[in-house]
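Chain lettering (A, B, C and D) follows the sequence in which the chains are written, and residue indices restart at 1 in each chain.
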Amino acid sequence: MKAGFIGLGNMGRPIARNLLKAGHELAVFNRTAQRAQELVAWQARVAESIAQACAAGVVLTMLSDDHALAECCFGEKGILASLPPGGLHVSLSTISVKLAQHLTEHHAQRGQSFVSAPVFGRPPAAESAQLVVVAAGPGEAVERARPLLEVMGRKLFVLGPSAVIANSMKLTGNFLIASMLEALSEAFALAQKSGIQPVQALEILNGLFQSPVYEGYGRIMVEKRFEPAGFKMTLGLKDVRLILAAADGASVPMPLASLVHDQLVSGLGRGMGEVDWSALAQLVAENAGIR
Amino acid sequence: MKAGFIGLGNMGRPIARNLLKAGHELAVFNRTAQRAQELVAWQARVAESIAQACAAGVVLTMLSDDHALAECCFGEKGILASLPPGGLHVSLSTISVKLAQHLTEHHAQRGQSFVSAPVFGRPPAAESAQLVVVAAGPGEAVERARPLLEVMGRKLFVLGPSAVIANSMKLTGNFLIASMLEALSEAFALAQKSGIQPVQALEILNGLFQSPVYEGYGRIMVEKRFEPAGFKMTLGLKDVRLILAAADGASVPMPLASLVHDQLVSGLGRGMGEVDWSALAQLVAENAGIR
Amino acid sequence: MKAGFIGLGNMGRPIARNLLKAGHELAVFNRTAQRAQELVAWQARVAESIAQACAAGVVLTMLSDDHALAECCFGEKGILASLPPGGLHVSLSTISVKLAQHLTEHHAQRGQSFVSAPVFGRPPAAESAQLVVVAAGPGEAVERARPLLEVMGRKLFVLGPSAVIANSMKLTGNFLIASMLEALSEAFALAQKSGIQPVQALEILNGLFQSPVYEGYGRIMVEKRFEPAGFKMTLGLKDVRLILAAADGASVPMPLASLVHDQLVSGLGRGMGEVDWSALAQLVAENAGIR
Amino acid sequence: MKAGFIGLGNMGRPIARNLLKAGHELAVFNRTAQRAQELVAWQARVAESIAQACAAGVVLTMLSDDHALAECCFGEKGILASLPPGGLHVSLSTISVKLAQHLTEHHAQRGQSFVSAPVFGRPPAAESAQLVVVAAGPGEAVERARPLLEVMGRKLFVLGPSAVIANSMKLTGNFLIASMLEALSEAFALAQKSGIQPVQALEILNGLFQSPVYEGYGRIMVEKRFEPAGFKMTLGLKDVRLILAAADGASVPMPLASLVHDQLVSGLGRGMGEVDWSALAQLVAENAGIR
């Protein structure tokens, strides 16, 4: 299948590589052109512009946030203007429900389709095609995108005709992870002040919960391995802001999301923005007077 | 091994049965004597008093809360007065860190040993000997109790010489479960108002988290199966109170525990005390105006 | 002094009237032109467009929110395009720190000045010129606006050369009021369930705190006089969102603001958006199971 | 009027002195006898025991907490055993609703009366008889105590026949103060990071709120005058614990009280237990990364 691919960051590159390996023909575009060049080894064609990336009528985007995606979509040389009628835009990014709604409407006005297909997983999962993909959009459009989406991950969920609900679902998943970080952080602080070795506490919690999230992040917390960041606190805060915006828009109070938001804001205030968001454990420990 | 066993409620009975099946000789005691009689079929001897249950020098207790355990320990006819010097008391209950500390001291004053060995799991897990047991106390005392503790569950963790840390650990585990209930409840409320079917959301969350807790409680929430209660909201609140008391005593702020506390208090205020504590999902939904 | 005045809502009209009474010559503009006509009786001149309202080189705006003000400022026929170089824009609205920052920059680029002068007080206080005005902006610009600002209220505070800090200060004041509503709501719920008559509790709190805010809102809560709304819950929520956005932007965790946010979101979810924001008391009471 | 007075701490001494000055005949008792001696200059008689302090049939107590009051009431030589039938115990302390309930019952069993009359105000207010007194108990008993209660303060509120509601009311008042501290702390942190001088912010807030509490504590916060403590953070935490216990007992969720609780617990964890509880401002500032 022929498609364009825009956004070759830590997540975009391995995903594009897997699409190429599966035999899809990609025209890849990245603001920093060097990254596009690297994919030539996997038979990618380098697009010189967004328009070239849209030429095949199908384009995937994997950009860092609302701002980057909006910049890439709107304007004279953006995706909306470049895709032909009948074209398809598949967004893999974690973006706000509001932007997803805007894109749905703007693409529809031009006779184009928009599919939201945010992915769960970190760069290593992207590399090994172990992502979980949650897609939503008009049925026909999702089916058209399916051959691309299926080679990215271990599991594809299709949610329904309204693209935004895939974004809601993605934000909800990230919220659950964030809430587990806060819970673990409080648990470790209490354990430590109660005379329990964190590593011992972790072993028991793993025995009890058999949860890969508690296991993975608990290990990082116990070993205080917050750098290099797997997922920076600034990015974690960005996602929690998006979930709160979605919740506010739907008149759903989410006090736990607010709590995590305030903790991450405090983390940024204390200079932890660039370390892994699991450094929440250190922040909670400081709040308990643990040094 | 010969031992007494006091407290034959929903958890105590199956545990006692498993001890008897493993060949231990138990003198069982319960305030409502009828329950003790039922165990005669498994070769239990019925103790007529706490003193008789303590005669063998080793006694296990599985009582519902601080009050019940304290009543059983103190006083002229209580465990402290009845156990011989050198005797051993193994408490399986979820009790406060404070009471565990008192018992440690009072037993020590009388030349007796105290081991805290609270268990994780519900009645069916007790039945099938699938509990997780977390034990702490003087090394020699824990070793003496080991043959009893090992037949109760699938896993025994031994934490160290200070009995109270087993209680802290048990409360910490329950706190993590409570925090997962709050997180799930908020997630479902947002999902529902965003147009995602709860059952669909659950399927995706299971795909992502592979967590038995999310899976089990998420299923109850989706099906609104809050009655009959597996674990009543009043009991959940009791445990969260204990964790907050432990945290306050150790000067550890636990805002997530406080949040769950307030939600459960609200649940009681709204008349949900006797339903399953996962009805938190219904409370959170009501707060979002979902009917 | 000659000036334009845009925005003749519940606050704008009485303020404009007071300016006219003090002898200032105003060209008034409102989207719904009828409201402008009413001020002719006080010698106002009706402006047919934003451009006409800007002709005198000084324009005041009193609009309901960021959206309304932005719409009025940007675009070919907006204030920015209409004010002459050297012109002055005085914004009396409660807007975001972000928009105030944008306006500062855009006006500066055109050689115009921007002063933020949000006001504290409700329509009756505007009527009787009892507002408190908090102004900030370049010194010269604030001095130029002073004759206008001084006739609006009982007190004018001048904060410094950076306009945005007046907006921060306004949001901070509203946050304190919101926090007092939450505190009072919880206090009344506890009082009521403890057997204290709310009116009796109010009398004591007035004796203790001598606070006009507690006194005024406490009275409304005790009498459940939430309609007609003095200040709608939707507007209260809008302001709390702005304070949280300002706090997030400055990396200041404000857990109390988050708490109030979540309560107001719940209020909207439960259908209280159009009643007075002090109906928070009813929401808190419901959460405690009081009917 | 003849009465005993037990508890001559920072509050008890000035209150006792005012009673003596008003012509009442007091038998004063304090664990540290020296403090009782000092009152001889004001015509006090020194009681050698609790029993002697109870001899006149009326006794007032002003002790630091539940523990101190319970110790003084129960036991062979305590107030309950020492007061004659028909005797009256007036408790001025800030104690739990639970203990007040116990005392009500125990006194009633012995044919004695119990009046709760906690006081609002700090030592200087006690000195100048400017306290606010909130009394509750059987009508006859309160009337009997009235001549004593009226000379202590500027205002006496009588709440009704159930003594505990005076304690609830006292705790509620302290909760409101605590909530104002948290609100002010967050406001100052935001102001400071927004470029507003705290002293300037305080001036505006005073202009707006005309609240003695904001004014007094705001001044301390701006000047960072947390030592010597007017009211230690440990004591503030004690009171917030009592309010939460009362709220939990009445099934009233009080998330703002929980928030303040967690902040104060964090304060203790960080070593602020002995400074004034308004040092909450410093804690909140630290959380925002302000040094």
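A few remarks follow.
Assume a contact is a pair of C-beta atoms (placed from the backbone, for glycine too) under 8 Å apart; a residue touches a chain by one contact, two chains touch by 3 or more.
Just so you know, these numbers come straight off a predicted model, no measurement behind them.
Across the two candidate interfaces, A-D and B-D, the one carrying more C-beta contacts is B-D.
Note on chain placement: the centre of subunit A and the centre of subunit D lie 53 Å apart, centres being C-alpha means.
Separating the CA-averaged centres of subunit B and subunit D is a span of 38 Å.
Counting partner chains per residue, subunit A shows two or more touched chains at residues 247, 251-255, 259, 266, 268-269, 287-289.
Viewed as a network of touching protein chains, the structure reduces to a complete graph with every chain in contact with every other. Within the complex, the subunit B residues that touch subunit D are 241, 247-248, 251-255, 258-259, 261-263, 265-266, 268-269. By the touch rule above, subunit D contacts subunit A in their complex via residues 255, 266, 268-271, 287-290.
Per the touch definition, subunit B reaches subunit A in the complex via residues 97, 120, 132, 134, 155, 157, 159-160, 162, 164-165, 168-169, 172-173, 175-176, 179-180, 182-184, 186-187, 189-191, 193-196, 200-201, 203-205, 207-214, 243, 246-247, 250-257, 259, 284, 287-289.
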